[in-house]
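My structure is below; once you've seen it, I'll send some questions.
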Amino acid sequence: MDDFSYLKLASRQIDFDNFDDRLLMYVLEYEPSFLTCISCGGCTATCSAGNLTNFNVRKIGLWLRRGETGKLSEEIEKCMFCGKCTLVCPRDINIRNVILLIKKRISMLKTENEKASWKI
Amino acid sequence: MVVKLYAQLKEDVRLAEGLQACMNCGICTAICPAAEYYEYDPRSIAITVQSGNEEKIAALLKSDTIWYCGQCMSCKTRCPRNNCPGLIISVLRKLSQETGAFTESRMGRQQYLIMKTIGANILRFGYCVHPTVLKPENHPEQGPVWKWVFENKHDVYDSVGANLDGDGPGAMRKIAETDLSELLKIFKVSNGIKLYETIEHFSQIKAVKMGLVDQNGGADMEKYTQYLLQEV
Amino acid sequence: MAEQIWKNTRSIYYRKFKMEESKTKIKWSEYNKEIADDHFFYLRSCIRQNFNPGAEKVFLSILQKNLNKDIFDDPHHTTCSGIGYHSDIVPFETFQTMVARQFSLMGERGYKNCAVSCITSFGGYNEVLSTWKDYPEELAKARENLRKATGREFEIPENLSHACDIIYKFRNEIARQSGYRLINRETGEPLKVVDHIGCHYAKIFPEKGVGGSEYSRVLTGMIEAWGGQTVDYPERRHCCGFGFRHYLVKNNRGYSISNSRKKFVSMEPYRPDAILTNCPGCNMFLDRWQYTLAQMEGKTYGGGTNGIPVLSHEELAGLVLGYDPWKDLGLQMHQVDVEPLLKKIGVAYDPKQKFAGKNGKYINKPLFTGCINQNIPV
Amino acid sequence: MIKNKHVAVIGGGIAGMETASVLSNQGLKVTLIEKQPVTGGKLNDWDQLFPDFSSSETLVTRQNSKTSHSGVNVVYNTEINRIEKINGRFELSDERDVKIFADAVVVASGFRVFDATLKEEYGYGLFGNVITSVDFERQMKKYGKLLTAQGTEPKRVAIIHCVGSRDAKVGNTYCSKVCCITGIKQAIEINQKLPDCEVFCFYMDLRLYGSKFDTLYLTAQKQHKIQFIRGRLSEAAEKPDKSLQIKAEDTLQGRPLRMNVDMIILLVGMEPGPSNSRLIQNNKMALDENGFLKSANIHDARNCTTQEGIFMAGTAICPMPVNETLENARSAATEVIHFFENKKNDGRF
């Protein structure tokens, strides 16, 4: 039989119907101010880590809202927790806390061994 | 004097047709078949070209990005500003080939393969596609029926009333030498042959750079072809 | 003389027209394009004549014998090089000159209307004509190139129609002559047919398609005129995934199959009896990819081991008009068996003749047909 | 002097009523001409107004009583097709050749709602669960909540901005100004009535220019969990269960996005009124590049048409919300009085 493995491509389309919002719900429970993010990018512009790496705080927020736990668990490690993002946010969101919460929940997951079901 | 890349893009009449003014809405990316399966975003292509930024355009010309578009032109139908990102891509690809930048990306380098197959078919058969060159081993997805057609082509085409390699009209008829020579002359006067030669020229340079050389140190294009076929 | 006036005024007029056009609110569902009535110059398709030569033969026959029209099949015409153009190895300048040569042959034979078999060519001709209207310098260059290369001159065609436009135009006449309806013989229910319109039919120039681009009527009009039922499905307008350079390079074919798969997944719940296409590439890909996907996934999207039969407008018209599925239409060249559809319609056919050569000559058989080899489990 | 002057106001929507009652209160003779059997115009169909969720009906009732108290003569069921200046006065006529003579005219003929069937790819008119923002208002007025075509409560709704606005494909390149805030208002209303329903707004830019508009945006996010996705809707298609598959780009990520929703609401824009092209025929009025009535000067003679003695008010000039329409109508009245008091052209046009 022919080997058709060369034909397999992964879809990049964001599929809202298969969207895992558990991490988002956790963050919103403790930091409801995150609801008001308008993706302006003020945080990214001032970000200490972002000036040294390709870390993008605005995208952290987006990925959180799109249930992309896998991407988050890697990216989040680049944050230096300087807190400048929180200072500049026009919606007064405690972004530093949002990132801390993401980190905390993900490390809890790792110990809880839930990883498999979370697609990290 | 170095002509700016953006100025060169604008020389092609298709750029004005493809890019009037983009307002960054993403309606094109939403339904783009390539955006779903590749790291590709036609909206950002339009925005980059619109910016006229030389560095960014130069980077695009060397990138895989411009080779992801499948030219379905679905973007044209939807754009609220009557732009056509697919047409912008055609212009970028043209410049990428003319400047040799295409050999800097994996997807771009494939132009050599296409020129050697479809490009050669056009001048050899007068058709883009011909059953003698559609070998089942290179087209396993074509399935057992095509394999049967290929292996019994004269009988099969004959049985359905086609005129494979025959004189006169009909499906898959042989194109007369006089017509083929007109095609070749058209390719000569309209820069078609020049483009084939350009692709060949830059591909050879790339092959040498990659160490794919023959005993005399010249480009070994057979090795290069094999390399491209494997490259993923 | 008319040509001269066209040349002098068209550019200014057209620019103005384009601006006004964008102000005009077009109700596409009510839009009709102009399709010539008779005297066509036929332009073949590289892909169709290669994979479905019977479709082109039957198209000529339907026009000449069933509809009593004049259509000329000129042995001198060639590829338009459109596949090369869209995979970027043929410059736009060369493509324009190739198109100009086809027009020159047309004029030489005394024809003014093109009947185009291929959707890529059809879109390409329209792109070239639109460019010549907008940029007279491009037209002048094409004239100069063609003259220099071949000594030929050419005229702009009066009408450019795709073969499916012509079948659409005469769909009711075909229905009157047809011996078969797209109705399930056993249940009396109309057959469910999904359409797939080739992207370059109307996505680039909606005004060149019957009913525009979003809900083109060109294929649904045929289905309904011949008794069938059309089915709308979410990915109806999505590209089949040919992608020119993507199919041509083996390592890129994942793009092609992934996009076709999207369509099959989307149409599966409607359980269509057939897929109707107007583009030679789509017709071939939607047939072949069903086989490949079944080999990869172990299932088909049409239930069973066969898949959903894929037919082009010429093939479906030929079937309802009673042309022989094998000798005339060459439907044995499809991977997905068309027999389930033939049985539903009630088309008479001889199964023994399917893979027979001319005059019944034995020429072997494919290893298997349909999507899954029933003798070897996947 | 002014007391003897007769002003004809074309259009009995809120703009026409406001201008007419102000002029009448100033002692002028005013005839308000309405094509429908009732005044109130499009607001008769609206449920609640942004940004304060006040009742549209209450506003129309107030306008109606103000109009009748001020002594405006209202003519119903009459659609003016022709305005011609004859012997220094204006002759207005409808297709039955009913004639009304006036010393000045105010055109307050309003706008036309964009016909969403022109955006075929959104499936309005084809799919039962694709509705417009106008349909939404009617539904809210009738049933008090949003229901799908199948009569169920939707679990997920997408609100689509810029339908028929900022779109060269349908010939409208301008912004309709009111849609963004209407979308946010409607999103909040859905959440209030159906708290379990997820609401998404697909936008290109959120043009929330009004002083209270951005606050409403914040409220929508904070209290009503409305989600905003930056990307213009490319297509909607019906699935076998009558829900809708929609596609847009999440432009902030640069990735295509697909979503299944129970309903979509198209925020349809404002188009030039259908009578504009007829009204300008027999006088010096003109249309602007978008087909609305052209102002003599968009800064300080916005209510003056290019025909001396013919004025205009409200959305006949350009898209505007209710409160601006009323202000604009009062300023039109001022222009009329100015015209009668001082016929000199002060250089504005």
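Observations
As written, the chain order gives the labels A, B, C and D, with residue 1 at the start of each chain.
Operating definition for what follows: contacts are C-beta pairs under 8 Å (C-beta built on N, C-alpha and C of every residue); 3 or more make two chains touch, one makes a residue touch a chain.
Model, not experiment: these values are computed from the prediction.
If each chain is reduced to the average of its C-alpha atoms, the one that sits nearest the average of all protein C-alpha atoms is C.
Across the two interfaces under comparison, A-C and C-D, the one joined by more C-beta contacts turns out to be C-D. In whole angstrom, the spacing between the mean C-alpha positions of chain B and chain D is 50.
Rounded to whole angstrom units, the spacing between the C-alpha centres of chain C and chain D is 45.
For the pair chain A and chain B, the distance between C-alpha centroids works out to 38 Å.
Annotation for chain B: residues touching 2 or more other chains are 31, 35-38, 82, 141, 232. Multi-chain contact residues of chain C, defined as those touching 2 or more other chains: 22, 214, 237, 250-251, 253-255, 257-258, 292. Shown for chain D are the residues that touch two or more other chains, namely 121, 168-169, 230, 235, 250, 255-257.
Chain A contributes residues 2, 4, 6-7, 9-13 to its touches with chain B in the complex.
By the touch rule above, chain A contacts chain D in their complex via residues 12-17, 32, 35-39, 58-59, 62-63, 65-66, 91.
Listed in rising order, the residues of chain B touching chain D in the complex are 23-32, 35-36, 41, 43-44, 78-82. Residue ranges of chain C in contact with chain D, taken from their complex: 22-29, 212, 214-215, 232-237, 269-270. Chain D makes touch with chain C in their complex at residues 115, 117-118, 120-121, 126, 168-171, 235, 237-240, 245.
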